[in-house]
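In the two complexes that follow, subunit A is the common piece, with subunit B as its partner first and subunit C second.
Right, the complex of A and B next:
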């Protein structure tokens, strides 16, 4: 009966993809703002309509609409900004506004965990690596032509946007097709969301949690094994020749 | 005619008095509503912190002077107590230089980022328990002296403080200066490393008190005594990591003046430089408040049960004063350490975190979990803490490799000269 909502979701995803395609950086071609701005407006309007149909009262406030706009706009800038450091910072903005949306929906623990893990740890290392790779004076507008070509223009913009469209349209279509069930969320547990989440994770999903922990441990040991510098015992006391480092080092 | 005038006057006075009564009632209603009270409290806390930070800088200069057998600033006002105002004016009036080759947007953004992040952490600190206004009914819900009482209090502080590294890193990178960039790199590595033992200490405390809310942790300590008695080493490690997270002295490699000329804020001047300082001192106050809530009883005074439970505004004020006094003691400790202990070398810093603090705090978390599972007395963890301390001391003495030693994996690289 409400199948038009599924098509609305597809249409929003399609318009959004077109806008992203127009906004992706190309060599020397500036994004056409007269085309881009109405497209982004349409996308955001469609998202707001969808939100209105499918979410509870918590998501119908002005600040949740603002957070949705911030996270979507930030996400577009992550892929379209020519300077990698700014891209990473927009990613931080996406993470923060998504965490705020989670808090609005009553999932405080998930929001805080998202900030700690993504904004606080993973993206710091991103920013760290990007900064090591690129000095800031290369990023000013006047020196656009001095930038390396993978920053100036995007590779395979059409294929990337098409893949993104399929992903977003599938998820949005499924949610839209599910109808109003999402509008009636389970009432929050008496003991508080955080405590309930902890209880569920360590009783019903105990094995999964342990497996995830073991997986992280293995990954950490692997990283240490790869990154560690080794020097054969015989070389430990020998005099060092310039340029020698790394030549006699066997990985295992 | 005179009579009419007098009558009008009386009427005016009466309506003015009535308006005043109405206003008073309105103010009382607003103050009795937790939402508006939180907003007022947030403003008061913001102003209070700014003042406290200004005087913390004066205190730092005085303590450094007394440590080095000098007088310290004593020209502006009696004993120099107007010095912070003069400093603030100077910061306002200096020229705000933005160098030519910096990344301008990030250069301006970085100090604000670090400043805002340092301030929002105050939202979940319970400053003085709960109380009721004199005009509130006996059945009304008591007011909480806390800006936001959220379910994830401690996690919120951790999340916010994990963002503070961005200000330092972006400031250092945007300056387009090699010294600034070295400072940024050191800061990033250091803050990431010291968040791990910090999280472990907090986890031991969360397991012990069974709550993420700071106010419930304080309540737990009202029943069982200060948590520092059960986890002295966790409290010590938390203090060490707080020093590192605030970039304070033994860990101020990010701004070491002798090598990096100020590190990430080398290129900053005027108000932007002042923002970096405000953020650093605000961060000290937040982390002290957090440590006090978790391990040192918050606003509680041991043995003064009447103070901890009286639900009046006056008693709440006294509790806030007690809390502020504890924060003051912690700040003094921070400053004494700054002017006493020399800076670590970078490899020592990393080794202290990963080979010293992380295993120690992991042991404490495991011990706390075991105590909870087996239902043993909480004093067991005190024994474990002392055991960890003795074992760590034994390893560092008998192992022969003190923290001052060289890093083994660097031996050949160093020979490169």
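Right, the complex of A and C next:
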């Protein structure tokens, strides 16, 4: 009964892989819009049809489907956009739509945490590092374009897309072959998601929460140890060159 | 939350698999170190969606609780990874992963 769903999942994965392959940055060659746009449209249509088959009625869940399309489209742009800042901003779109999807699906606290931690903290760190590491205002335009050549071309695009296709098609085929599960079989807790999650975290997973705190502190110390600049030990010996000592006369 | 109002767990797992696959493709193809780390974050998003779907399927909150721990791991990974990226950028003055291909052995 479900075998056609499996083939549908394979087909969607194949079309999506072709679209991603066409959209990946290549040496100075812009992706062909006449091929890319129909492929992306087909992929979106295929995903919507697949979700409709799984859920039973996509019309009732149209904004979940919209959020899914937004997050997948954002993820495609994260992967394929040649400019790192734009990639980071598209990743914000992925995070926000995924968080909204989680809120819709009854995981309110996780959605809120996703917005706070990912869009608020991690993404800011990424943008900081991108700004630190890309001095685009130095040098001419030609130097700049030579410098960021590694953003314009991709490494082994066909093999990577083939690997991604195999991965997604296998997983999607297994999921489709098992058949759709009942929608939300267990009613949400009456006390609300946040309170129930807090109860679970601080009773069943209390030690894990403490360990997560320790892990964060260790990572903070490690990041400081890795990324700090090595300043010379004493300032007096480093400030002056050998012949220079004594030339600078201090006023007092 | 009404019945039939949300995506069921199979559909969510499918979305998670697609996000993970996109992250894998990006990690393998892009040459900018920062974008490679960003693609691992896309993979984390797929994993998180999968955890929510699993919790929904089995009707408990352990999936979401584990998702919070995944969030912690993602924060740690971003901090340490970006520190390493900054260090590598200071050494060679470029973000191209191909400049470090001697590490391949």
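The working rule: the second predicted complex is superposed on the first by the 196 of 252 C-alpha atoms of A that agree within 3 Å, B and C clash if a C-alpha of one lies under 4 Å from a C-alpha of the other, contacts with A are read in each partner's own complex, and residues count from 1 in each chain.
Please note the rule applied: a contact is a pair of C-beta atoms (placed from the backbone, for glycine too) under 8 Å apart; a residue touches a chain by one contact, two chains touch by 3 or more.
None of these values were measured; they are calculated from a predicted model.
Colleague: In the superposed arrangement, does A:92 touch subunit B (first), subunit C (second), both or neither?
Modeller: first
Colleague: Figure out whether A:109 sits in contact with subunit B (first) or subunit C (second), or with both, or with neither.
Modeller: Both partners, subunit B and subunit C.
Colleague: Go through the superposed model and pick first if A:124 touches only subunit B, second if only subunit C, both, or neither.
Modeller: After superposition on chain A, A:124 lies in contact with subunit B alone.
Colleague: Between subunit B and subunit C, whom does A:79 touch in the aligned arrangement: first, second, both, or neither?
Modeller: So A:79 only meets subunit C here.
Colleague: With both structures superposed, pick whichever of subunit B and subunit C touches the larger number of subunit A residues.
Modeller: Looking at subunit B versus subunit C, the one contacting more residues of subunit A is C.
Colleague: Have a look at where A:201 lands relative to subunit B and subunit C in the superposition and call it first, second, both or neither.
Modeller: In the superposed model, A:201 contacts subunit C only, not subunit B.
Colleague: When the two structures are overlaid on chain A, which partner does A:227 contact: first (subunit B), second (subunit C), both, or neither?
Modeller: second
Colleague: Is there a shared patch on subunit A that both subunit B and subunit C touch, and which residues make it up?
Modeller: Touching subunit B and subunit C on subunit A: residues 109, 113, 121, 125, 132, 193.
Colleague: Quick check on the complex: what are the subunit C residues that touch subunit A?
Modeller: Contact set of subunit C toward subunit A: 1, 3-15, 17-26, 28-32, 34-35, 37-39, 41-42, 45, 48-49, 52, 55-57, 59-62, 64-65, 67-69, 71-76, 78-80, 82-87, 89, 94-98.
Colleague: Given the complex with subunit A, which residues does subunit B contribute to the contact?
Modeller: On the subunit B side, the touching residues are 101-103, 106, 150-152, 155-156, 158-160, 162-163, 165-166, 169-170, 173-176, 181, 184-185, 188, 191-192, 195, 212, 409, 411-413, 415-416.
Colleague: Could you please specify the touching residues of subunit A with respect to subunit C in the complex?
Modeller: 9, 13, 16, 20, 24, 47, 50-51, 54-57, 60-61, 64-65, 68, 71-72, 75-76, 78-80, 84, 87-88, 91, 94-95, 98, 101-102, 104-107, 109-110, 113-114, 117-118, 121-122, 125-126, 129-130, 132-134, 147, 149-151, 153-157, 159-161, 163-165, 167-168, 171-172, 175-176, 178-189, 193, 196-197, 200-201, 204-205, 208, 212, 215-216, 219-220, 222-224, 226-227
Colleague: For a test of understanding, state which residues of subunit A touch subunit B in their complex under the given definition.
Modeller: 85, 89, 92, 99, 108-109, 112-113, 115-116, 119-121, 124-125, 127-128, 131-132, 135-137, 139-140, 192-194, 228-229, 231, 235-236, 239-240, 242, 245
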